[in-house]
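Two complexes are shown next, each including subunit A; its partner changes from subunit B in the first to subunit C in the second.
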Partner chain A sequence: MKNIVINEWKGLFRNRLFLVLVCIFTIALLLTTYLGILQNNTQILAQKEAQEHIREQWDSMDPTNPHRAAHFGSYAFKPTNLLNSLDEGINAVTGNVLRLEGHTQNDVMFSEASQSLLISKFGKLKPSLLFQFIIPLFLIFLSFNSYIAERESGRLKLLLVQGASLKKIVFSKVFSIWIIGLLLLISTTFVQLIFNTYDLSFDAIFRLILFVCSYGCYYLTLITLTVLLSLIFKNATGALSLSIVIWVMWTVFLPKIIGNTVEKISPFPTRVEFQNAMDVDRSKGIDGHNPSGDRKKELEEKTLAKYQVNSVSELPVNFSGILMQADEEYGNDVWDKHFGSLYKQLQIQKRNYQLSGFFNPFASVQSLSMGTAGTDMFHHLDFLKQAENYRRFFIKKLNDEYAFGGSKTGDRSWKADTKFFQSVKDFSYTFPVFLSFLSKYILDILFLFIWSVCLLFWLKYSSEKTIFL
Partner chain B sequence: MIKLVGVFKKFDAHTALNNLCLYVQSGEIYGLLGSNGAGKSTTLNLILGFLKADSGSIDIGNGSNNSSLKQDMIGYIPENVNLYPYLSGVENLDYFCKLSGFQYNKVELSDFLNECGLQTDAHHKLISTYSKGMRQKVGIAIAYAKKAKVYLLDEPASGLDPLSSNELSELLKKLAKNGAAILMASHDIFRVRETCDKIGILKNGNLVKEMNASQVSSEELEGIYLNFMKN
Partner chain C sequence: MRELHVFSYEFKHFLKTPAKVITYLFFMFACAYSIYNGFDLQNKQKQTIQNIEIENKNKVLKVLTWFEEGKSGPESKSWVDISNPYWSLNYIPTYMLKHPSSLLPLGVGQAEQYGYYKEITNWSSTYDNDMVEELSNPERLVNGNIDFSFLVIFLLPVLLIILTYNIKGLEDDFKFDKLITIQFGAIKKWIFIRFLFYVFLLIFTVVFFIITVSVINNSLVTDFSQVKSLILLSSLYIIFFATIFYFIAVYSCGSSAIAFKMISAWLLLCVLIPGSVHQFASMKYPVNYMTDYLDVNRKEAYEVFELSTDSLYYRLVEIYPALNETVHGQEDEIDNRIIRNTVCAVINEMNKNVIKDIEQQNEAKNQLIFSSYWVNPVSFVQNKWNSYTFTDYYSYKRYRSNVQKIIDKKIELLSVECWGRRKVNRSIYQQYLQEFNYDM
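And then the complex of A and B:
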């Protein structure tokens, strides 16, 4: 088998067209990776500058009312990591910055399924675009004729007479082309590594390994399928045509069809419906700005009882601050209820989309590519969760200062000093360790594995059964 | 030796070979003549193991039933020896030798090519620059380097110029002298008469005539052949 593989490579590397194409792909990959890294670094720098600027503004804030500061707000930055330059995922749509403000939670009215549609179109030139669309096509063109050329030239008989079995021949063809795909993958990963040695962690390495393995499995599937079709069809045109049709189905049509089906199966409420439902529930709470109603009265009585006084003016604390926080907490509950179900819906859509990997391995590799690069919906939701938790901490800190920092009810001119604002810690996003997310990608890993193993077995079976004459 | 006894082969309703009995001794060159569809290629494919006979027996070498041993003994030279165009003659020979488990150094490989009549200056040239006759010599060298005991040739002289054709005859005679059993399927009556020791005429899957080449002249052989084909 080793001799056949080496001979295949000799054939490829002595072919000028192949060399030109490999050079073009290698340069394109290295260039896009390098440009991606530069873009990432610029983004990291810009984020850092913006973050420092915002923090500086916050730290140098003149003494002011904490509630005003809550409306002044802050920003949560989703840090860019080294893998983002490999696959931009849904970042192109969701962005990397969130505004954090009192009473205002961030919503995510998008579905992963519809994002996958967006991504399946030709977007920014990232290595993932080459890995998912261009290189597979190149590998198909290399594979479709590798067996048929031997057969049609009559060399196959010579090879068999010399003692090489058909199984050995076709498997050598598959592996020799697969290794070229792997080399393109590994060279890109290597560029990622050498430009990011400062940011290397076990998690990043693990993600990179899984990234390479996912595409490796996908390429193996695609090459095996193409060689298998050439074995079955015994005709180069038929094998190439069907391989291209399958590839187009996988990459263009099925993602759209599945995306739309997934949205139909578990549809989102419209933005208006969703907002109305939120407003209805929100109206049952306390309006911190227009204090009236039963719940406000209930809270007032509770607070008066707690401090054993008869009126809010006698309270040693500022009741307005307590009211604001109660309003905020009610708002948080409403948000948790509505967005909780929305997030669940998102996860169902994502899972249903992942299930399509059963008949479309492209869906699995796309999901794993974004997942390992940390740019998919799961990672974005994690960022949103951490940002929302920080927003709650941030607003509570300000409301508590307003309530218990020394002002009294009705003391609207009371101001917290600069030192207090400086004591409020900044948002810091903890990028999730991939192992903690691994269970979310089991379906993708499983389907890719099953596809490649099943096709290899099918190829083995066919090569043993094929009568080539 | 090659021994076929009572071989039958049918493709659907068409009988390709009908009770074929054929014997080629070591050191003998057997020429199988016949028109297109007579069953020559089917005979070769059956011996090569690419087809399975419906009935009858096919023995190669010492009569062993071990198929891999049989495979080791056979050298096959197709009508068009299409080797790898991006490899030189030596590289092609080296590759095919390695596939059959033989590892030779460059000198040994060149020696094989020389013995099969390929000029030394062509050894390291790409196969894509070779003529058909030169490729055929490399093809024979592949079988020779494999130490084949049985040579099967399918229309070896087709498309060769007279000089190359003559060189091929001489080469086959040399191999036979060294003890090889050679079965050659051909349309070329003159070449078969010049090269072979024994000649068989195949018609519609039946071996209709067998004779020693020394017993007939080329003209007589042509007459016999045409007579069978016309009737």
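And then the complex of A and C:
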């Protein structure tokens, strides 16, 4: 088998067209990876500058009322991860800026896709684009030709007469081409490692390994399938057509159809319906600016009892601040209820999409590619969650200062000093460790594994059953 | 005569090749499905808009009842006085709506990247939080929608490959290409006629769907020139790809080589070149975090709120010189309440200035995209198509511009009426309603 693999490579490297194509792919991959890293670094810098700019304004704020500062608010800028240069994932369509302020939980805004005309339906020329669209096609043609050429030239008969089994021949062909795909993958990862040595963590290396393994499994599936089809079909053109049709279905057609269907199975409310439902729930609570109703009375009584006084004016603290915080906490519950169910729905949709990996391994590799690069929906939701947690901390800190910082009820002109505002820590996004997310990708890993193993077994079975001579 | 014979033979050949017929029918089914999706989106947008309009009318009717009953506003909000223009204008639900085009089922374009309804308040701007897209699954947005334009622009060339890759390729494979030369003469002409059949078939298919949607949505009357342009664009696009594939078929040998080259051409034109341009554009114009806009809405807005009433008075008069002629404009003392109620006009002006810069930055990126059309024809066709179905960037830019016009109108009316110390009654309120196109 080793001899056949070596012989196969010798044959390939003698082919000028193959050499040219491999060179083109290698250069294209290295170049796109490098350019991707450059673009990524520019984006990281821009994001850092924006965050610093906003923080600078906060730190230099003159003494002011903390509630006014809560309305002044802050911003969270979606950070760009080092591995984003491999696969951009959903970053272009989601917003990048989130306003954090009192009373309101905002949407993330200013997506890249909304800032210009449409350029590419398949995304930027990142390594993932080459890995998902170009290299698979190259591997299909390579593996198709590899077996068919042997058969049509009559060399296959010669090899079989010399004692080699058909099983050994086809497996040698599969592995020799698969190794070429792996080499292209590893060289890209190598470039990624070289240019990012300054910030490489164990997590990043683990992500890269999984990235390579998932594409490796996918390529093995594609190559095995193509060789299998060329073994089963006596008609070479038929085998090739079917391979291409399957590839188009997997990469272009099914992801859209399934994505659409998944969203139709559990449709979202319109933004206006969603907002109205939240407003209705919110109105049942305490309006910080319009303190009335039972909840407010209840809170007032509780506070008076706690401080053992008869009226809010006697309180040693500012009741308005306590009221604002109670309003916030009620708003947080409303947010948890509505956004919680929305995020749950998004996760259900994602799981349903992942299930399509059962008949479309491309869905699994795409999901793992975005996941390992940290640019999929799970990572986006994690950013939103961390930003919301920070907003809660931020507003509570301001409300607590208003309530317990030294002012009394009705003292609207009271101001906290600049030092206090500087002491409020800034938003800092902690990129999740992949292992903590691993369970979310089990389906993808499983399906890719099953596809490659099943096809290898099928190929083994077919090659044993095929009577050639 | 021989040409006609080859043409009709190709038709028979097509009918007798199950793989080709199935692929073609599959494409037809996908087109029907994509159009159904388009109609679904269109109906959803129409329904949402209708709901907003109904709700707004109900809100207006409620205010009219307050006038009739002599109430000053909702019972729970004692501070509201609808006889004051500030409150009566506040109680006119103002929305700017982008009604879906009748051709939306033929191309969703960038429609899912933007919002299509916007509530206008005194503090609104065209880059507000509620200008973002509808709630949707971002991973679905990345994969895109199966819409008709996608099928024509990206999948139709693949269908053409499946239909034509063995024209001459098969003859090469079986080594009877010489026979064709003997029987027909010029092999290039023979390939050309066979290609012609598929070009006609695909043009007919695409035109059939365009006309069907146009008839259903009455677009032949409302958007005739767009329908005409879509037909022309799609036909030229099919011819463009057919020409490339024709030359590949003529100058290549064997169906495998032809298929490989055709698919490579498709990848190059539909995936690689647009992807490269996209990457280049992103490097030249990275994602805009719009910090200037954020500054205006936060730091600079708060600086304005800190300004003295006198300064604000003069800034307002500078924006609307006509305020000098109003009742308050003629008074000796400045009314702090009126100034504070109309300070939104100052913020609006600041927003407009900064948004102009943002739009210019976006335009610079678009200019780069335009200049790439010579090497990136697929993006050209895609954006042209979207412009015909009113779902491209510029359609939404026009929508943003209309939003700004309504904001300006609302704020100017608010300023003039507040400074005019108008006492609002039912009939004046109805005049306001007419200003915002309410038919009550």
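Heads up, the rule we're going with is that the second predicted complex is superposed on the first by the 447 of 469 C-alpha atoms of A that agree within 3 Å, B and C clash if a C-alpha of one lies under 4 Å from a C-alpha of the other, contacts with A are read in each partner's own complex, and residues count from 1 in each chain.
Everything below uses one rule, namely that a contact is a pair of C-beta atoms (placed from the backbone, for glycine too) under 8 Å apart; a residue touches a chain by one contact, two chains touch by 3 or more.
Remember, it's a predicted structure, so these values are computed and weren't measured experimentally.
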| item | value |
| --- | --- |
| Partner chain(s) touched by A:86 [first = subunit B, second = subunit C, both, neither] | neither |
| Subunit B versus subunit C as contact partner of A:7, first or second or both or neither | first |
| Touched partner set for A:368, first subunit B, second subunit C, both or neither | neither |
| Subunit B versus subunit C as contact partner of A:15, first or second or both or neither | first |
| Broader residue contact with subunit A after superposition on the shared chain, subunit B or subunit C | C |
| Touching partner for A:208 - first (subunit B), second (subunit C), both, neither | neither |
| First (subunit B), second (subunit C), both or neither touched by A:154 | first |
| Contacts of A:139 with subunit B and subunit C, given as first, second, both or neither | neither |
| Which of subunit B and subunit C A:162 touches, first, second, both or neither | first |
| Subunit B/subunit C common contact set on subunit A | none |
| Partner subunit A, residues of subunit C touching it in the complex | 19, 23, 30, 33, 37, 44, 48, 51-52, 76-77, 109-110, 113-115, 117, 127, 129-146, 150, 153-155, 158, 161-162, 165-166, 169-170, 173, 255-256, 259-260, 263-264, 267, 270-272, 274-279, 281-283, 285-291, 294-295, 298-299, 302, 362, 365-366, 369, 376, 379, 382-383, 386, 392-394, 396 |
| Touching residues on subunit A, where the partner in the complex is subunit B | 3-4, 7, 10-11, 14-15, 153-155, 157-164, 467-469 |
| Complex interface listing, subunit A residues touching subunit C | 32, 35-36, 38-39, 42-43, 46-47, 50, 53-54, 57, 72-73, 75, 77, 89-90, 92-97, 99, 106-126, 129, 133-134, 137, 141, 144-145, 148, 236-238, 240-241, 244-245, 248, 252-253, 255-257, 259-260, 262-263, 268-272, 274, 290, 292, 342, 346, 349-350, 353, 370, 376-377, 380 |
| Subunit B residues touching subunit A - in the complex, by the definition given at the top | 45, 48, 50-51, 68, 71-72, 74-76, 78-84, 86-87, 91, 95-96, 98-101, 139, 142, 146 |
